[in-house]
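Structure provided below as structure tokens; questions to follow.
Letters A, B and C name the chains as they come in the text, with residue numbers starting at 1 for each one.
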């Protein structure tokens, strides 16, 4: 499965919706037992959430967007498929979110690439369910540092802290991801899926228990005037940088 | 304490029951403050649960067996004694369970030996309380991998991932286990026991809260026709391999 | 902020109270965004709780003291400030507690210094909230060992197990702590504080939910005759050692 929303694979509302639909199709296709998620955009796995969806819109739009992001997370994190991330480019925030949901992560050994949850650097805050997934992956203390400092790790450091499982030369990312997928698919599906559920359901259920309340929290947080102003400034800076 | 159910120390219903009785005796013996658990069967610490107890029997038998396994786990994991595992042979599934309940694990440096929870490889699933204990021991992410892939670790890898605490030459396993026990017994019993409780009670209580329901879940799971068929095939293959 | 209660910075009731008041002042001072906590006593960061506050007093005094210790912990652990520990000396038990609440820990590379929760060595037990914070810092398994054995780690081992983040030459402790603080303060306060809350609130809330009951538990535990006798003996031994 190739993420394709040039130039940087922003997780727009449209992409989130299509992503979930594609996943559901694959889940229901009996010939498909595993999926490699990678990027079609050179040098970028995914630049993460689309800030234009959170800026200058209606509260109803913010709620719709946030619900769609949660929906994608729930589908990926609890997928009955074997999911392997072939991280062939930089992967901040929402891009890192997608990678962390996978069963195995292979990253290209390109010292320019970065991966991490850098929300605080932009003045925003990762939601608790994303924090929970990072704690599950790299532990509580490493999460405290990574999340509060908004750290973006180069590949070798990402491997050391446990954010990815393998770092390989850039031209071997896809092949390595495929052979990792084969290894996971060698396990009887039923036993592997039940075990994945035992591991991940409690984390997902913390969100599911009060999902609507958490969406409302986000809408309140993002709608505030200073937050909107900060996002506007940031988006304008981005535009100027490109120009 | 030597496990003795030749040839491979299967955790039969009888052994589970005797194991718990022996533990209770030791707990009540004021002269005993620590126990080293090891195997009397060359090359095998314990081959784990006895699948013949889960195959072709009545639901009542499955319930009795599963309750006895939980009982052993609860006694070992919450034991007020210092428990040290002297792992002098391969230790899959239920054998690994016994080792993981101990306060300290010493494994023989024999590259043929393996330790791990390989349930998924047999098409079955480790119960959540066994998963919880593994998470407590090696962390969440390493558990996701080890449990879903049903990994059996050779001694050096078991040490790296944290599944054992020490790897020593085979002829020094017992001596190393004894000196580890001595180190733990140097701590005032009362303070050590209360601290062990603070560490482990919350994990045990997740099982205790709904123990009957979890036994029933297991009985339903194991009684299903496809599961029974899979176990039968596996047991027949084992018989042929021996013949 | 320099701890100053010579000769060994015992956390007396008076020091606990003053510590909390100073923290509240700093929290309310808009010019202060980060604090380095260090010791004014050569070779000792803090020797921990003052056992004379727990020995030969009234139950009401034990309750007051324990509440004050919890209060300090809650203030430090949930502080909206960036807190960095400059550990310029040995730091057992309550001293380690103070260090563990910080966002970053720098320890002097002096092989005579030690850090850890050695309560069991004295026949007492670390409370569950202190255990929870240690689990958050070094993981569950390392906590089982460290807490039950009452381990005091020299600097290099403290770094390996994750109890401190940096070990530097003794004359660079303050400078390293300041530059770590600067790094944390480079993050927008609001996002960093909310993220810290997401990480730490659930741990603090386990105490807050039943705080009075936990204080009463402690009073019952410490008031028992054998416990009082053990403390008395220990304090007499300490006196003799000094004389």
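Quick note on the criterion: a residue touches a chain if its C-beta (ideal position, glycine included) is under 8 Å from a C-beta of that chain, and two chains touch if they have at least 3 such contacts.
Fair warning: this is a prediction, and the values are worked out from it, not measured in the lab.
Interface subunit B/subunit C: under half of the residue numbers present appear on both copies, so the contact uses mostly different residues. When subunit A is laid over subunit B using CA atoms, the rotation angle comes to 120 degrees (nearest 5). Measuring from the averaged C-alpha position of subunit B to that of subunit C gives a distance of 36 Å. For subunit A, the set of residues touching two or more other chains reads 139.
By the touch criterion given at the top, residues 103, 135-139, 162, 165, 183-184, 187-188, 190-192, 194-196, 198-199 of subunit B touch subunit C in their complex. Every residue of subunit B that touches subunit A in the complex is listed here, in rising order: 119-126, 128, 131, 139-141, 143-145, 147-150.
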